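Could you have a look at this structure, given as structure tokens, before my questions?
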Amino acid sequence: MSNNVYSVTEIVGSSETSISDAIQTAIAKADKSLRNLEWFEVGQIRGWIKEGKVGHYQVTLKLGFKYDK
Amino acid sequence: MSNNVYSVTEIVGSSETSISDAIQTAIAKADKSLRNLEWFEVGQIRGWIKEGKVGHYQVTLKLGFKYDK
Amino acid sequence: MSNNVYSVTEIVGSSETSISDAIQTAIAKADKSLRNLEWFEVGQIRGWIKEGKVGHYQVTLKLGFKYDK
Amino acid sequence: MSNNVYSVTEIVGSSETSISDAIQTAIAKADKSLRNLEWFEVGQIRGWIKEGKVGHYQVTLKLGFKYDK
Amino acid sequence: MSNNVYSVTEIVGSSETSISDAIQTAIAKADKSLRNLEWFEVGQIRGWIKEGKVGHYQVTLKLGFKYDK
Amino acid sequence: MSNNVYSVTEIVGSSETSISDAIQTAIAKADKSLRNLEWFEVGQIRGWIKEGKVGHYQVTLKLGFKYDK
Amino acid sequence: MSNNVYSVTEIVGSSETSISDAIQTAIAKADKSLRNLEWFEVGQIRGWIKEGKVGHYQVTLKLGFKYDK
Amino acid sequence: MSNNVYSVTEIVGSSETSISDAIQTAIAKADKSLRNLEWFEVGQIRGWIKEGKVGHYQVTLKLGFKYDK
Amino acid sequence: MSNNVYSVTEIVGSSETSISDAIQTAIAKADKSLRNLEWFEVGQIRGWIKEGKVGHYQVTLKLGFKYDK
Amino acid sequence: MSNNVYSVTEIVGSSETSISDAIQTAIAKADKSLRNLEWFEVGQIRGWIKEGKVGHYQVTLKLGFKYDK
Amino acid sequence: MSNNVYSVTEIVGSSETSISDAIQTAIAKADKSLRNLEWFEVGQIRGWIKEGKVGHYQVTLKLGFKYDK
Amino acid sequence: MSNNVYSVTEIVGSSETSISDAIQTAIAKADKSLRNLEWFEVGQIRGWIKEGKVGHYQVTLKLGFKYDK
């Protein structure tokens, strides 16, 4: 990993079921257009409330991937 | 949403099973006394340890609701 | 001011026109139910975009007022 | 403590004598209207100067109490 | 909004007249190349001084838009 | 708890399945060498991506335990 | 700019009319005694409330200027 | 206070006896050269240890005073 | 001090009487097992409330000591 | 610079020799695909250890460039 | 790396010559007592001044190593 | 050091060659007008890019010196 350059992008995933699922949703989507995704960091965890329950979670992630433009 | 004023309150939910359940517990409780809960933000996630395992999780949330006093 | 106790509450004001107007909107609303508002601190400034322009601003404030319950 | 929900409120106490006294003043006042106060966290410590000395201290606290509305 | 993924990009707008105008300038420019801009968050507000007055403001924003690559 | 001194140590747990499992893994491991673990606080949540999915989560915790050296 | 040393000073401007005006007031005052003011960064935005409205805004700035003592 | 400009300076006071005394020491010293000291904010509290006890406390303060150059 | 390496450890002291006493308690305890304690930094100040008063203070410290393993 | 809009991107450079070299590596790589790079800000400095020495440094940067899409 | 638990320790290295050398000094010292050092993160960079020059640098690091007690 | 009061000032040094050189440049300049400089803390590290390389580094420092006005 020592000579590489990585790019970091910020993305928000959402899910009605769980925080982990919101993370997976974001990564799966990003994987379609960004090659070589390597790591993620969770930023903010938030969500919307619907009828007194969590309507859906929103998780902000930073994604790191190899910079090979 | 453009002309509204919202109030933000801080609450701590706990659960023996998961982080998500602690969030749901806090929102369900707050929903009994606060009308129009709209969003939440997770602050600190912490917990207590019992016999070498998570005894229970404690999640601090900010809750936003329409200010209509 | 030396012997007083103050309470601090968090509120979000919004406005289609400016950041300052969002602040004024929040304070005017809070003033209807909280006596003795004395100071404010701006937290987050954010907003929603509509057709390539600012739809409305949302400003999070902390409001301090004399605690006299 | 495992099934409880707690509420967190922010308050500012002041004292001419010490930081600790400002904390005590705030808690004593809050105790008159909030049942079941359990913990506090010190936020900002500041104060006003009078004739080259501390006129009074102001300490911002978060107070946690059992949510039983 | 529950099943969507959003992307977040950082941008700096500037204006000789006001903070709000710097925000508008940045959003208008970004709107030309990014579809579905939905929200913004103000980061740093700074600027350059010219002859003892504000020469221009620079406002750093995060912009959220629907991720549909 | 009033006369005790606690020590705080930092640890990183990982899991292929969930954030909560990464927390449990870390606590279980620490429990083998540290007596009297009492609380934890979640710091950073991050992870590694493998074939477009979460490969494993990594959760940084602070652990508090009674200082009885 | 490459060989210069800059000094940074902190100042608080106030205004009854707007955040921008508070910034201008502070810079105009500092310009009377500090030569070569070059940039500013906004820190905290706060203010005092009077009769349910913003009495005046207070904006904390850092000011950078060429160090030529 | 509405039309004034304030300057903010940073100072570190120390004391062998207490945190409050370190604050008083710093303010008393600053008062000899800065006119119109009005407020302070505590930043970092730290100190040096001597023979297993607090040797002295060091408290970093910001001091605000009327800018009248 | 120029060629040394220091280790930093985190500890929580508590006291029923004051913040300073909680600091002293933590340092006295750590001094029994760690040689060459040199400095401390105060992190969080918090506490527990008992019958409308401070039951005890809890102060989190970082302690620096010469690394001579 | 007064009427421009800038974009900010995040990148991680690495180097076996020094922090400065990791910064240069990242900027050189980004310069191949981004026109008009103007400034950088260092975020996190970290690295990997190999046989008791720094294996390589990793430096996270924000890069600002003129937005001319 | 997926099933491992890591421990994180904080250390301060110093050097009269450079920031990088202070990092190397700390890691070399820690490597003598901690097996399996894997990564580091730079916290605070500071130092002491001697006769108008840097006397020595002090760099605070977090070090991660495999937890195998 | 126990009875002293220190003042802290903020300064920005720049250098075309390295981060350390930018620190030295700032300290050397400050040493001409401030007596008794004792310590420094690095704040932000940033810089300007010229033809795809670092044009110059800019390092923000806090400088502590004995307060003897």
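All chains are identified by letter, namely A, B, C, D, E, F, G, H, I, J, K and L, in their written order; residue positions are counted from 1 within each chain.
By definition in this document, a contact is a pair of C-beta atoms (placed from the backbone, for glycine too) under 8 Å apart; a residue touches a chain by one contact, two chains touch by 3 or more.
These numbers were taken from a predicted model, which means no experiment stands behind them.
**Q** Which chains lie in contact with each of chain G and chain J?
**A** Joint contacts, listed by label: E, L.
**Q** Which neighbours do chain F and chain I have in common?
**A** A chain counts here if it touches both chain F and chain I, which gives K.
**Q** Pick the pair from E-G, F-I or B-F whose contact list overlaps the E-J contact list by over half.
**A** Match found for E-J within E-G, F-I or B-F: F-I.
**Q** Could you put a whole-Å number on the gap between the CA centroids of chain I and chain K?
**A** Between these chains, centre-to-centre, one finds 22 Å.
**Q** Chain H to chain I: how many Å between their CA centres?
**A** 22
**Q** How many angstrom between the C-alpha centroids of chain H and chain B?
**A** Measuring from centre to centre gives 38 Å for this pair.
**Q** Could you list the positions in chain J whose residues touch two or more of the other chains?
**A** In chain J, the residues touching two or more other chains are 9-10, 19, 48.
**Q** Among line, ring, star, complete and other, which best matches the way these chains touch?
**A** Basically it's none of the tidy shapes, so other.
**Q** Using the touch rule from the top of the page, what pairs of chains touch, sorted by label?
**A** Once each pair is checked, the touching ones are A-B, A-E, A-F, A-J, B-C, B-D, B-F, C-D, C-E, C-G, D-H, D-I, E-G, E-J, F-I, F-K, G-H, G-L, H-I, H-L, I-K, J-K, J-L, K-L.
**Q** In the complex, go through chain F and note every residue touching chain B.
**A** 19-20, 23-24, 27-28, 31, 37-42, 63
**Q** Help me check something: in the complex, which residues belonging to chain L touch chain J?
**A** 18-19, 44-49, 52-54, 57
**Q** Mind pulling up the chain I residues that touch chain K in the complex?
**A** Answer in residue numbers: 1-10, 62, 64, 67, 69.
**Q** How about chain D: which of its residues touch chain C in the complex?
**A** 9-16, 25-26, 29-30, 32-33, 48, 55-56, 60
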